[in-house]
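Could you have a look at this structure, given as structure tokens, before my questions?
Labels for the chains are A, B, C and D, by order of writing; each one numbers its residues from 1.
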Amino acid sequence: MTAYLLLLISTALVNNVVLVKFLGLCPFMGVSRNMDSAFGMGLATTFVITLACAATWMLEHWLLAPFGLGYLRILCFILVIAAAVQFVEMVVKHSAPALYQALGIYLPLITTNCAVLGVALLTVQEKMGFVETLVYGFGSALGFTVVMLMFAGMRERLALARVPAAFAGAPVSFVLASLLSLAFMGFAGLNFQAP
Amino acid sequence: MLIAILSLTLLGAVLGLGLGLAARRFHVEGDPLVAQIEALMPGSNCGQCGFPGCPGAASAIAAGSAPVTACPPGGRALAKALAEKLGIAIDLGQVADAGPRIAAVAEEICIGCCRCIKVCPTDAIVGAAKQIHNVMREACTGCGNCVERCPTEAVTLQPVPVTLQHWVWPRPQLAGA
Amino acid sequence: MSATVLSAPVAAPHAATSASVSRVMLWVMAALAPATLFGFWLYGWPAVHLWWITIAFALLGESLCLRLMRRAALPVLFDGSALLTGWLLALSLPPWAPWWIGATGGFFATVIAKQVFGGLGQNLFNPAMVARVALLISFPVQMTLWVAPVPLGSAAAPGFVDGLRITLGALPGALDAVASASVLGHAKTELSRGVDLLHSFAVSSAPTFGLDGMRAGSMGETASLLLAGGGALLLALRIISWHIPLAMLAAIALPAAILHAADPARYLDAGSHLLAGGTLLGAFFIATDYVTSPNTRAGQLLFGAGVGGLTFLIRTWGGYPEGIAFAVLLMNALVPVIDRYLRPRIHGRDRRGRALDIPDGEGS
Amino acid sequence: MGLLERFFKPSWGVHPDDHKRPAADVPLRTLPLPERLYVPLQQHVGGPARPVVLAGQKVLKGQLLAEAQGNISAPVHAPTSGRVLAIGEVTAPHPSGLAQLAITLASDGDERWLEREPVADPFALAPEEIARLTAAAGVVGLGGATFPAAVKFNLGRRLKVSTLIVNGGECEPYLSSDDAVMRVRAAEVVDGLRIVMHAIGAANALVGIEDNKPEAIAAMRAAAAPFGDVAIRPVPARYPMGSDKQLIQVLTGKEVPADARAAEVGVLVHNVSTCAAVHRALRRGEALVERIVTVNGGAVRAPGNLLAPIGARVADLLAFAGLAAEPARLILGGPMMGTLLPHANVPLVKGASGVLAFDAREAARPAAGPCIRCGSCTVACPMGLLPLEMASRIRAGDLAGATGFGLSDCISCGCCAWVCPSHIPLVQYFSHARGELAAGERARLRNEATRRLVEQRGERLARDAREKAAAAAKRKAERDAAKAKAAAATESAAASSAAVSAKAVSP
């Protein structure tokens, strides 16, 4: 149990997908204008990553590995992810039209969000067990959501600031992201094992 | 090879079936956006935007083929509301808006031809043939149709005077804050 | 009778408090002064030189940005905020650090962390801490070289000119002579070498410390009593409220006390955590920065607890011996989220913003 | 609400220097009757009054000049006897400097009252009758809100209010007009408030007076001593103690829900001066034609309280009190919530509790700086709002965001702007945003009205077309019928002629 908790913290904070691994930057910059849509995006991505991790684990261990179909891995994974995203899109459009509108193109683009495929491939690469894979995927997604929320909150405040013309818009957002990344370096080397 | 083809086919079929079922379960009717935009428009169907009335303009704006600044009577306020609805950023500075204006009839020039009455979308002009016409201020939307039709240039658009009831505190203009 | 017509109407109130931003800044500086002077005395002239260089470059960065943006520079410089930023940064630097550490840091703090975001009041991270973290990550060696106390007047203390030469990097070797380790750094290094705390602090070369502040550390962080006194002054003047400092100190001390009781060989005690490193400087002067802390009391408690908890986490299990700066930055990033979810209750409404119910039995 | 609330004890409000003395201690003086009086038609919340006099007409003091119009309105009466000069526009006591309709009166100096009809025992009257007489006397809330008093009576009776709260807080600095009323007319206030209690059916009354007015407290205690159901309650001096919601909470512990009226939690608030005016309206049969007003400020030579007729110019009051310096700023009301006057040639209205003439030192304001998020405003706000968040959104044009932070709950008390170390004019931001939102709401209503008109026009055009078509069809049918008839006739004629010819031929 403790091991899973530590894995969760490690994936969410120490090896944060966005700020440390620099995956999933597209929605990170794209849907972080306000906290509600950022949170919605975080939830959608969490769902997709966790589902995709579970599905790809089964695919890998029950289909690809036994039959030696390793070369089809990316193809199959993308197929599964795309289906999961399609499903999420339908659910969001049905139950939260406002969020659907706010997320816009970034919702279908979760398919090509490198964080999703990246996390799925990493779990295969690390040869994790099923529960470990789930925790890893969920932890990564949690880290993504937390950072999205933080960043969106700061950008909301930034929208009210008198940013110099040269930095207004995207530039200051990138400066902000870099400073946030700087802050997350504090988690580097976090190690709960006895020294 | 065969296994690869089979497994991919199977995967595709299963996922497709699942999505098909989900699509049925989470079906959404139509596009509510056009109706929402139409509700924001002035609704006078004056035609200054170049579309056949407000519903036409609403669908064009929803489809993105017309800018949110297309409606002159709506002015800056409408453009801002539409931009918010559609989630796009606009530069409000480019929208010409001299504040609300309404039509006024210069009584000494009016010949009572009734042409303005016929084009007014809100029946805001009263009068009869050979009688001086008058504008009901509450009903006028300032669309300007009557100004174009008046043969003697007796109808003009005049800014609505500011009264104590309508006066709004100006936003503080500060250098530092 | 006068019939002056004003050009633009001015809204009420037509009276105002006598407080002002620059007065607040002045008081904070006054509260910092004793600890700073103690640092000057303790670490000698190099510390003085580093201090003014850091402040000078902070002011330079600020005025350069204002020039570029064609805003009037003087009134902004005189509000004291850039000076205070440079000051706080200098206090968090190793006292004998070379001049370019202070210069880069001061410049970075006001330019990248503050003016790029729109200047005073609009920055999202504490400028001094952004600069400190950036320096720590870029120049880890220079940023972790501490000196043992060489009080002015003692034999080992460098003179004014030697001090300048040390700061300018023209006296190599001078630093090595008096190099020492900070308490937190010593504990972390020894632990990573497999020496537990009971043994590592038993040796005679181990850094000692008490309330007198006579130990190695950043320029302004060792004078615990003077810092606490400054904090008390700010609290008494109601410039800061007790919520952030108290929550932060408690969030460091509580887990430290519990874990130390459980395993004294692995975990430092609460007293060391409170006195060592930048805990007090951070609690009273850095975490309480208005701009980058929440604006409700409940939010401030949460913020303070977060800074304290993260500091303890990084100090105890992280890769860096000191975690105040990181913890402050991480919690700064959470401030908008905290502010959004912890709002004060509006009179006549419940916490979720709905109007209160009209009580039964009253009215109709 | 338990421990949490107790721990985060509200510490709202500010303590500005009150500057009430020495003006408050100067004996009450009476303003010599000015030659001209300008009585605005709207001195209250609600619809403007409709004039019932004509230019040139002679009127007596207390005579009705304009009658109430609509459900929420109040009449205005002649403040002295004389002749109506004109009914036209004068500059309103409003920061915009816009004009407002007023009746100009030339006084004849006789001060001849209209026949007054005092009520000997108001407690024998039905509550409705008290409300009617109060309304007829033009009594409105004199604390500054100027809500017609009688409307509130009826509301209180309908909602079965149990407690009347009498507001003697007067927390605004510089002002002491309520203080003067309580010192000089304590018996009238107590009698008036007992009449109000009778009118609304309240069982008891609490008079809240800030503890910086010991003389007023003593006078009121003496006047209220015979009445067990009237309690004088000193409250701590803290701005805005005189705000309804805050005073209710301090005196009764009740919190008025947002968007609800105080009467809905069983209390009703009336100002002490309003109570005195109710007493005069009933016991003396006098309409509200004069009030006690504080003239104060650094530019005034002899500050103090003046009894002045409604409609006197601010310039008249200042001239009487004397000016020590050219006023740098003129304010109607108190410094915290009062309105800036464009110049001194504006009339005194019923809701004006003070006229302040600030000298240059008092009027000087440091330039506003950027918000440093110090949170002073959130601590000071008596409503628990976040003024800094609202203002930053309004500055960026995000009115909806500001509304989300509770803009509609703001009472414009000015605590936030007073306490701001950056001197940001927060209240002006909020006033601006509210004005814009109201304008937007008006535009929306107008839009809806337009839509209805367009629909009606469409229907009319369709009806016209239908009728035209019907008429055309009818005409066509008639024509066809006529044609058919004619055709038939010609046919028959032809046939007959043929027959005739045939006949003619046949033989």
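In this text, a residue touches a chain if its C-beta (ideal position, glycine included) is under 8 Å from a C-beta of that chain, and two chains touch if they have at least 3 such contacts.
Owing to the predicted nature of the structure, the values given are computational and were not obtained by experimental measurement.
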In contact with chain B as well as chain C, sorted by label, we have A, D
Return the chain whose centre of C-alpha atoms lies at maximal distance from the corresponding centre of chain B. C
Pair exhibiting more inter-chain C-beta contacts, C-D or B-D: C-D
Let me have the rounded angstrom distance from the C-alpha centre of chain C over to the C-alpha centre of chain D, please. 51
Could you tell me the distance, in whole angstrom, between the mean C-alpha positions of chain B and chain D? 35
How big is the gap, in whole Å, between where the Cα atoms of chain A centre and where those of chain C centre? 33
Which whole number of Å gives the spacing of the CA centres of chain A and chain B? 40
Expected list for chain D, residues touching two or more other chains, is 95-96, 367, 369-371, 395, 422, 425, 428, 431
Where in chain B do residues touch two or more of the other chains? 169-170, 176
Of all residues in chain A, which are in touch with two or more distinct other chains? 162
Draw the chains as dots and join the ones that touch; what shape do you get: line, ring, star, complete or other? complete
Under the touch definition given earlier, write down the residues of chain A that touch chain B in their complex. 59, 63, 67, 69, 72, 75-76, 79-80, 83, 86-87, 90-91, 93-95, 97, 101-102, 104
Quick check on the complex: what are the chain B residues that touch chain C? 169-170, 173, 176
Give every residue of chain C touching chain A within the complex, in rising order. 65, 68-69, 112-113, 115-119, 122, 124-125, 130, 133-134, 137, 191-192, 194, 266, 310, 313-314, 317-320, 323, 325-327, 329-330, 332-337, 339-340
Taking the complex as given, what residues does chain C use to touch chain D? 1-6, 9-17, 19-21, 23-24, 75, 79, 81, 119-122, 290-291, 293, 295-298, 339, 343-349, 353, 355-359, 362-364
Which residues, counting only chain D, touch chain A once they are in their complex? 370, 392-393, 395-396, 398
